[in-house]
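The following block contains the structure, expressed as structure tokens.
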Amino acid sequence: MGYEIKLDIFQGPLDLLLYLIKKNEIDIYNIPIAVITEQYLEYIDVMKSLNLDVAGEYLVMASTLIHIKSKLLLPVHDDTEDEEDPREELTRQLLEYQAFKEAALNLDTMNLLGRDVFKGGYLVGSETDGEHSLEELSIFELVEAFKVMVSRINPGEIMEIDVERMSLSERMNEIMERLNKEKALTFNDLLGGLSDRIKIIYTFLAILELMKLRVIKAYQSKPFGTIRIFLAVED
Amino acid sequence: MDNLKAIVEGIVFVSESPVGLKKLKGILKDVEGKEIIKALDDLVEEYDKRNGALCLVEVAGGFQFRTKDNFSPWIRKLTDIKPVAISQAAMETLAVVAYKQPVMKAEIEKVRGVDVSGTLKGLLKRNLIRMIGRKDVPGRPIIYGTTKKFLEVFSLKDLSELPTLRELKELGE
Amino acid sequence: MDNLKAIVEGIVFVSESPVGLKKLKGILKDVEGKEIIKALDDLVEEYDKRNGALCLVEVAGGFQFRTKDNFSPWIRKLTDIKPVAISQAAMETLAVVAYKQPVMKAEIEKVRGVDVSGTLKGLLKRNLIRMIGRKDVPGRPIIYGTTKKFLEVFSLKDLSELPTLRELKELGE
């Protein structure tokens, strides 16, 4: 068998399978698993013998194929009439992938700016230097900037940033914004209207955190009385 | 305004990204929207009819002057132009994001059958896709979508102009 | 070449700096210099006569499309509202504020390793960050946080939608 094809032209195991299906003129709705598995494994072997890095995904697919093949070899029990064809999931995946592969090809035929059509002053440097206007800043750049810095400081200072921490910051900001406007707030002002349990917890944690930071102060005129919150420093 | 058409032309010509009607209205305060639209339509037609290299097109929610596509061989001879190229892997990931947005990384990987970290990062860097939020499921995974720049680069007015995706026949259902 | 004029137009339009005769000759190998000059002259005349905002001018040893002088008031209105780019330094400071808020200037400087007075001022002016209060400790340092505008600009519903470091790592190096 001649392998005139460079293996890196495949975009992954599904792509390779589609290629084999097309090459053998196979009906995608009725894949002869034994034949396809055999050919697929031969390709993997060729990749290995060429010292090409065989990505893990190819091996996962190989074991999936073998698994399907063995399932098909098992004798059919009477009570399994509902059981779906073990090939069905694979066929579904292949059809979906094929549709998107086609969509990618279609996208490639559009008039690409910078390839087929050009705008005024379109030059290397003018566009690719990441000069994005403020309107369309991407979070990606923000996070990248942060990641670069974090890698510069010593590892001991790296804090794990998670969604919870940011939710807390969000609540802290909201409380400070209200305090700057309304000067004084009661616990009830902040917590009263809330029905979401998580939000109540975050609000409470945010108050504690702001007190710890010495940014706000809380007063109570008598035990069990109303708790009032003020800015620690009036501007 | 007598020279409305010319003013619109100048503004669109000078802008780096497509100029939308809203922006034009903001600059041309005393002019009615429909007059601006008329000026734009006239310009599109004029450049279309003229036997030149330029055309005025509607992309990414605005208008932009561009070269007609049949001139690209000549433009590409400009030594300081590096043509945009998008690899097949990146294009496939982009297609999944474009058609399935808002979409999670795991969903893209399920469709493509490969790890998409690299291509996703590349597309984010090129500002063709962006993180648009988080999905309200446990773990709150990031969801991705395409950008305005995507529309501009692919010469699309909006997402509804994407070529239709082949119908996926439901199996055994 | 029938459409020489259009090809020249396209090349000049696309170039960022003025395009000289030499460059045009390099691209249009089979065309004689005087034909190119004729095409340029024709284009200059055509744009001159046309009642539009654009003209083809000879500057700095080459040709370039520009808007005619009398349109500058309108163009200036555009540049006034033209969004400005954010510098890498500003982006880094913004990132520290976003992830470490509520945060003091000294803490930002510790992470960034440089004085951040300038970038902080710029970010305050652009309304991307704000002073959210003062700490009741000696010196009463200001603490900073991000604004609603920040969320808007980055298309975030709230701060919890910011990607975490772990998620960024997942996108690969």
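A, B and C are the chain letters, set down in written order, and residue numbers restart from 1 in every chain.
Heads up, the rule we're going with is that a contact is a pair of C-beta atoms (placed from the backbone, for glycine too) under 8 Å apart; a residue touches a chain by one contact, two chains touch by 3 or more.
Everything numeric here is computed off the predicted structure, so don't read it as measured data.
Farthest from subunit A in terms of Cα centroid separation is C.
Put simply, the chain nearest the middle, going by average C-alpha positions, is B.
Computed from the mean C-alpha positions, the centre of subunit A lies at a distance of 29 Å from the centre of subunit C. Each chain gets a centre from the mean of its Cα atoms; for subunit A and subunit B, those two points are 22 Å apart.
Computed centre separation for the pair subunit B/subunit C is 18 angstrom, with centres defined by C-alpha atoms. Shared contact sites, meaning residues of subunit B that touch two or more other chains, fall at 13, 65, 67-68, 75, 80-81, 124, 130-131, 134, 140. Under the contact definition stated at the top, the residues of subunit A that touch 2 or more other chains are 118-123, 132-133, 138-140, 163.
Subunit C meets subunit B in the complex at residues 3, 5-7, 9-11, 13-16, 23, 27-28, 51-54, 65, 67-68, 71, 74-75, 77-79, 81-82, 155-157, 160-161, 163, 167, 170-172.
Of all the residues in subunit C, the ones that touch subunit A in their complex are 10, 13-16, 65, 82-86, 88, 91-92, 94-96, 98-99, 101-102, 111-113, 126, 132-137, 140, 143, 145-146, 153-156, 158-166, 168. Those residues of subunit A that touch subunit C in the shared complex are 118-123, 126, 131-135, 137-150, 152-153, 157-158, 160-164, 166-167, 169-170, 172-173, 176-177, 179-180, 210, 213-217, 231-233, 235.
Taken in their complex, subunit A has these residues touching subunit B: 11-15, 29, 55, 57, 61, 84-85, 88, 91-93, 95-108, 110-124, 132-133, 136, 138-140, 163.
Against subunit A, in their complex, subunit B makes its touches with residues 13, 16-17, 57, 64-69, 72, 75, 80-86, 88-89, 91-92, 94-96, 98-99, 110-115, 124-125, 127, 130-131, 134, 140, 147-149, 152-156, 163, 165-166, 168-169, 171-172.
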